[in-house]
Amino acid sequence: MNPQSYIQTLTSAVEQLSEASSYTGLCHNHRQGQPLPSAEQLTRIVNLARAILFPGYFGNSTVNAQTVTYHIGVNVEQLYHLLVNQIQAGLAFDLSEDSGDAETLCEQARLLGAQFIARLPEMRRTLATDVEAAYNGDPAATNYGEVICCYPAIRAISNYRIAHELLTLGVPLIPRIITEMAHSETGIDIHPGASIGHHFTIDHGTGVVIGETCIIGNNVKLYQGVTLGAKSFPLDEDGNPIKGIPRHPILEDDVIVYSNATILGRITIGRGATVGGNIWVTEDVPAGERIVQRRG
Amino acid sequence: MNPQSYIQTLTSAVEQLSEASSYTGLCHNHRQGQPLPSAEQLTRIVNLARAILFPGYFGNSTVNAQTVTYHIGVNVEQLYHLLVNQIQAGLAFDLSEDSGDAETLCEQARLLGAQFIARLPEMRRTLATDVEAAYNGDPAATNYGEVICCYPAIRAISNYRIAHELLTLGVPLIPRIITEMAHSETGIDIHPGASIGHHFTIDHGTGVVIGETCIIGNNVKLYQGVTLGAKSFPLDEDGNPIKGIPRHPILEDDVIVYSNATILGRITIGRGATVGGNIWVTEDVPAGERIVQRRG
Amino acid sequence: MNPQSYIQTLTSAVEQLSEASSYTGLCHNHRQGQPLPSAEQLTRIVNLARAILFPGYFGNSTVNAQTVTYHIGVNVEQLYHLLVNQIQAGLAFDLSEDSGDAETLCEQARLLGAQFIARLPEMRRTLATDVEAAYNGDPAATNYGEVICCYPAIRAISNYRIAHELLTLGVPLIPRIITEMAHSETGIDIHPGASIGHHFTIDHGTGVVIGETCIIGNNVKLYQGVTLGAKSFPLDEDGNPIKGIPRHPILEDDVIVYSNATILGRITIGRGATVGGNIWVTEDVPAGERIVQRRG
Amino acid sequence: MNPQSYIQTLTSAVEQLSEASSYTGLCHNHRQGQPLPSAEQLTRIVNLARAILFPGYFGNSTVNAQTVTYHIGVNVEQLYHLLVNQIQAGLAFDLSEDSGDAETLCEQARLLGAQFIARLPEMRRTLATDVEAAYNGDPAATNYGEVICCYPAIRAISNYRIAHELLTLGVPLIPRIITEMAHSETGIDIHPGASIGHHFTIDHGTGVVIGETCIIGNNVKLYQGVTLGAKSFPLDEDGNPIKGIPRHPILEDDVIVYSNATILGRITIGRGATVGGNIWVTEDVPAGERIVQRRG
Amino acid sequence: MNPQSYIQTLTSAVEQLSEASSYTGLCHNHRQGQPLPSAEQLTRIVNLARAILFPGYFGNSTVNAQTVTYHIGVNVEQLYHLLVNQIQAGLAFDLSEDSGDAETLCEQARLLGAQFIARLPEMRRTLATDVEAAYNGDPAATNYGEVICCYPAIRAISNYRIAHELLTLGVPLIPRIITEMAHSETGIDIHPGASIGHHFTIDHGTGVVIGETCIIGNNVKLYQGVTLGAKSFPLDEDGNPIKGIPRHPILEDDVIVYSNATILGRITIGRGATVGGNIWVTEDVPAGERIVQRRG
Amino acid sequence: MNPQSYIQTLTSAVEQLSEASSYTGLCHNHRQGQPLPSAEQLTRIVNLARAILFPGYFGNSTVNAQTVTYHIGVNVEQLYHLLVNQIQAGLAFDLSEDSGDAETLCEQARLLGAQFIARLPEMRRTLATDVEAAYNGDPAATNYGEVICCYPAIRAISNYRIAHELLTLGVPLIPRIITEMAHSETGIDIHPGASIGHHFTIDHGTGVVIGETCIIGNNVKLYQGVTLGAKSFPLDEDGNPIKGIPRHPILEDDVIVYSNATILGRITIGRGATVGGNIWVTEDVPAGERIVQRRG
């Protein structure tokens, strides 16, 4: 095969791949002048949020009582600017070229960004309870610092709480990217639509799945490999799943679910119940009850 | 301990670690003048392939009908050059210094690279069906864009389909590195040797294992934690496993396997069968049947 | 909302987030002049250690018998300097501003760093057995090179063996960060406190958890999703878990545990026993026995 | 000095440096939501322009007749987007917060960016003559490729021609930054306001200064250290220099100026004249004349 | 030449280059545990200093009255830490392994770093006068912003003023590296030992040299290519130049020196004198006088 | 102007710029499969050479008698590989697609690379004399370390000596790029073809030009702004300059040339002569003579 024929092979592939019919539905029709969702920017956003929520643990800087305001000030401002850009990218993602005007999108993004920033203090209060729960629930934890620095649960839950706020504010796409970043990093897959109370913790975590319409109370603890999923879902007339129907479990306060348990459907695990490992639960569990797998 | 004694400790460790007998079997005997397999280059290769297959979703560029040819043209050309380099690295990986000549390796790599490029249009057609299956199978999916951008299944399946083509063309080592990159990113471990039909999807995905000799039909759906593995494998006279024997399951069209199910051995899950979560299957399942775990 | 009011929102959030009471327990009180634990530096440390232990497989360089000493020499020296810095960061992590003096910390870190370097040759000998076990245990493995380059088990076990040495030497925090880096990369979560013999291997690996007080013999093999965890743990008078009590399983030599099995508590799995997939084990298993899940 | 007193020194410096009165005139009052001029972005802009004008010489890509359109297409599109952003930054640079609206600025920048792109083909035609002049004027030049790759004159003149177009279009600030980048890289300082004909070349170049209101004809050649400057400039009533008055020399076609010559004021060096090295010229030089320094 | 002989050539070169006698005087005997001078760190130091002195012009951040304290706070703190590290590198540069102890060096560096930070406010006041002088002296300058952003003189003078403070505090080596960084960037070579008053400016600047023992008054203006150098210097008994003797010119207030003039030796250019371009001055020039080159 | 018309403007510019006739002579006809000259790679090459020649001064590593062999070994090997690649790029630069074969080019590059490496020890011996000359000639120099770290002359002369060796070996293009890199960094422009003896030094250096056919003896010292250039050059029948004719000055041993002097043509400055600053010399200067500018 001579150089010329390689070039022909390439050129022919380019032609086929550039034909509009070949990428229908697979090509993003980007709106001119709008930012694109960017994994790199979102990584910086998450890192800034972590640096603000847990001062001195993330980022390269040393923080003390005299300088903490400087650091949080700079980080909040950078977070705001990056976030406005990515919110705008999310808002523009599905718009056709001629809907709305760019100025309005930008203004909307700035408003949503400011609203998010205003919720950071409350978010820190909740995350403090998650750190406490992780520390108290693990005899291997030597101090809060280790939990904040190392525990995948804290990373996954931080991303979830950030993403959940953004979803609640109405930001499209971006929240899901943020939780998928944590999914990739930790193996913990929490849909940003789930609702989760305080003092929430997950031990080890790889393989955990928490579905879109889950409702989780306070003081709940999950172990690795736990699925809180949908059993089945109704289809519409065209045979497609109907979106947005509650289809995932409700876990009331103080529930514990051990490793690799699978809980499916809109059922309720009652207050203080315990679900043993490696089992398959598709019906309600009364409050306080303890269900386990029979010995293999 | 004075500075001098630290240096002696280091020097002594260096001497021991540089003795040829200490690294037998652990050292790569690289062939002079050949490229090395490079995770960084392979990451760029995968990103370029994604940018070509799903124009406008990956990479920093905005694409429209007028400019799509430019972008695909440049990306195809860069992909080709990087790929030729890494194919050559794969070919050279196990060669001794005196086998074959460098020019031939290089020519072979260029031919294989061009053959891969020629298959990209077909690969896009198949991936389009995977995107469709992921969207249709998940009530939480709001549009194709979200699926392409965020869903780990799409990332893992893309890498698999790229790696499978390379393996089919006879490229050593590189395909496995590509699927392991997706494994690390998504927790989904698909061996490049597996054979997988169209409209394939995996929900959530963490912990999925698909073995080397699996044969998967069309319209198959797996959930997180599913293993399609080998039950046991025959040993040769020296007690080592015999390579290449079919030992993983066959899943016919329209099969669904729920989370954390384990299917082992060269068995067949018949057309349209459903395998429930958290169970252990080592025998054939007839077409259309539904097997589940008994309540814990 | 005008620009001024955005600035007020931000400024107000900064004030709340900078109030000392709001970050109690969540802020790292860094000791002036000491290094910080750094994921970036630790990544470089792990990469250098891999390049030393498996010459020619990691890093960009070509290695041959004439030049191997140069490469190992430079890598050992860089590893030493980076490690001393991060050991010092670990030692300083929980010290209050006025305990001990900086010079002593630094001297201690240099001593620990040199002791770690001195153990590298032994560490390579053990890892060679792990590579052998992975190769022999997988019919899909085509050669040692593929195992070293691609197998997540080798990455996770390397990090564990590095971290375990550091923990044994008394280095705080850093070992856990190193194993969590492998956890994120591979989905395999091995606590650096566990004790693991030679010829250890893990197939696929995603979802594996090995707890702090596990004792694992020689020639042990685990599959993906296996948990070696604690069943429950005694609380102290304040209701907090008592740290450091042996609470994880003992696996004697030649044990195999299949995928998604969960083994909990200070029980013993006897020499040569086999634990089937997807089961839940909380009692001793006698040597040579084989326990499996009943068909679902 | 204890740690506390260091912190006090720092805090006190921060306070002084943050007082508004201390940075009057030295602080950039940035307009919310507008981009900032960025040396990094402008470097990318210049590199893209060079890659478009001289295909295959700059950038990492190989170009051939089949693929040149792809490369130029992608580069032109990226150049356009980056340039619009930096033009907008330039336009916003001196605006107060309440002048004009953001949408208008953006629209204006997009128009100017497109106008610049439309002039690239003409710019290439002119630069081709500069390359020809550099090659013909230097016996040490072995081919056009060497001139394009290595000669500082080509870099400085390219930046000048880009900057001059932008200035002519009315873009503030950015043109000057672009020529100062070349000044730093080559030691050749050409003000973007100067007017320069075709077949222009500069040998060696370090120390050359070409002032804002210079007019330079075709086929002019300068050597290193040549200054085309202002002799003096009239002051306004407040003693400040009056801006924009023609005050630099006019060099007609075919003029040569040897090294370190200094030509000052609105004088004319006539067609075909030669100015010798190390001399100081403040009066007109007739066409065809040759002036030199007397022997030292 | 076969591969083996290449390796022998390399190995032989390595041996010769590693022989101690071959690098006597050319090898840095680094003191264990001390930082190295780092061009990269010093670049960051200079950029931080610029960002502090001219808020909003350098660095990526937007600054306004509400947030300026945050930015200056963070920048001052980072500057302090980087500077302490590089001061320590400078102090350690020429020490033998056994002189002084590391703790003392570190403490000394922290003190010097704090003293430098304390002088920043005064440094900004002086630089403000330099910016004013550059603006007033150049009809081509459109505003202060352009001067601060683009003018090489401001970059060179900023580096000089930073380096001069460090030299005055007694920091070795580092000041010279900082002024050489500006020399490379701008072609303006100011020795950090020179003494320079307020309202100092240099037009264009390439080729300017200001020697170690120069004394320059207020309101002095230089043009490109001006040398303020030494005429000759006395040698000691061994024929080596005696260090530290005043040997460069004194320029009193309000002096102007035009392009490419060379002023050599410990002479005085009197208040308000003007030195024309391209001339060679080795004797005192009385106050108010104007000397020029005769026409070539 | 609507979005569509912007796209048309861009598309039209792309079409014009992609027409083959528009880039004749300005486009590099790259030879398939060959490396491209790369400023980034050449920068690494120069940095590695500096790190080898002056151990411990360049690069991040600490070097001592025990470890120097490791560092030089690794650096020599990396230098060799990078250099072979760039030599090959240089050799391929002007070849047409069908001349010679790739294997031969590669083999030739490896041979030239090895020959260059073999000359490094001699190169270090010569550079040692240049460092000595710079130190002895400058009262401001406090030690050899400062000279090696900071002095632009050492950077420029190192690049020249590297480039000169490569040119002597017959490598095209690359030598000139290397000296132009130093030209950009230091303002000192030495053509790689010049011949320069030992103990060579340049003070300050900005603006120095040393032409292709210069011959410079031992112990020569130049100051900033000195030109050693060509006076005029004979043209061939087509009016183009004839290449390769000796046309630059010869400076015999012990010559000093002061700042901004211009010496032109194939003249000889005799042993021990001194040329004063700011003068223009076009005729021989006898040995020992001292010529100066008359007072302005």
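In this document, chain identifiers A, B, C, D, E and F correspond to the written order of the chains, with residue numbering beginning at 1 in each.
We adopt the following convention: a residue touches a chain if its C-beta (ideal position, glycine included) is under 8 Å from a C-beta of that chain, and two chains touch if they have at least 3 such contacts.
Because the structure is predicted, anything quoted here is derived from the model rather than measured.
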| item | value |
| --- | --- |
| Required minimum of steps from subunit A to subunit D, each step between chains that touch | 1 |
| Chain whose mean Cα position lies farthest from subunit A | F |
| Between A-B and B-D, the pair joined by more C-beta contacts | A-B |
| Farthest chain relative to subunit E (centres taken as mean CA coordinates) | B |
| Length of the line joining the C-alpha centres of subunit D and subunit E, rounded to whole Å | 25 |
| Separation of mean Cα positions, subunit E and subunit B [Å, integer] | 55 |
| Inter-centroid spacing, subunit E versus subunit C (mean Cα positions, whole Å) | 48 |
| Residues of subunit F engaged with two or more neighbouring chains | 6, 10, 14, 32, 62, 64, 67, 69-70, 72-73, 77, 110, 187, 206-207, 225, 260, 276, 278-279, 292-293 |
| Contact set on subunit F toward subunit C in their complex | 61-62, 67, 69-74, 77-78, 81 |
| Subunit E residues within the subunit D interface of the complex | 52-57, 60, 62-65, 68-69, 72-73, 76-77, 80, 110-111, 114-115, 117-118, 120-121, 124-125, 127-128, 131-132, 136-140, 142-146, 148-152, 185-187, 204, 206-207, 223-225, 258-260, 276-278, 292-293, 295-296 |
| Subunit E-touching residues of subunit C, taken from the complex the two chains share | 7, 10-11, 14, 33, 64, 66-67, 70, 101-103, 106, 110 |
| Interfacial residue positions of subunit F with respect to subunit D in the complex | 1, 5-6, 9-10, 12-18, 20, 22-23, 25-30, 32, 36-38, 93-94, 172-173, 176-177, 180, 183-184, 187, 189, 191, 193, 206-207, 209, 211-212, 225, 227, 229-230, 233, 240-245, 247, 260, 262, 264, 276, 278-281, 291-294 |
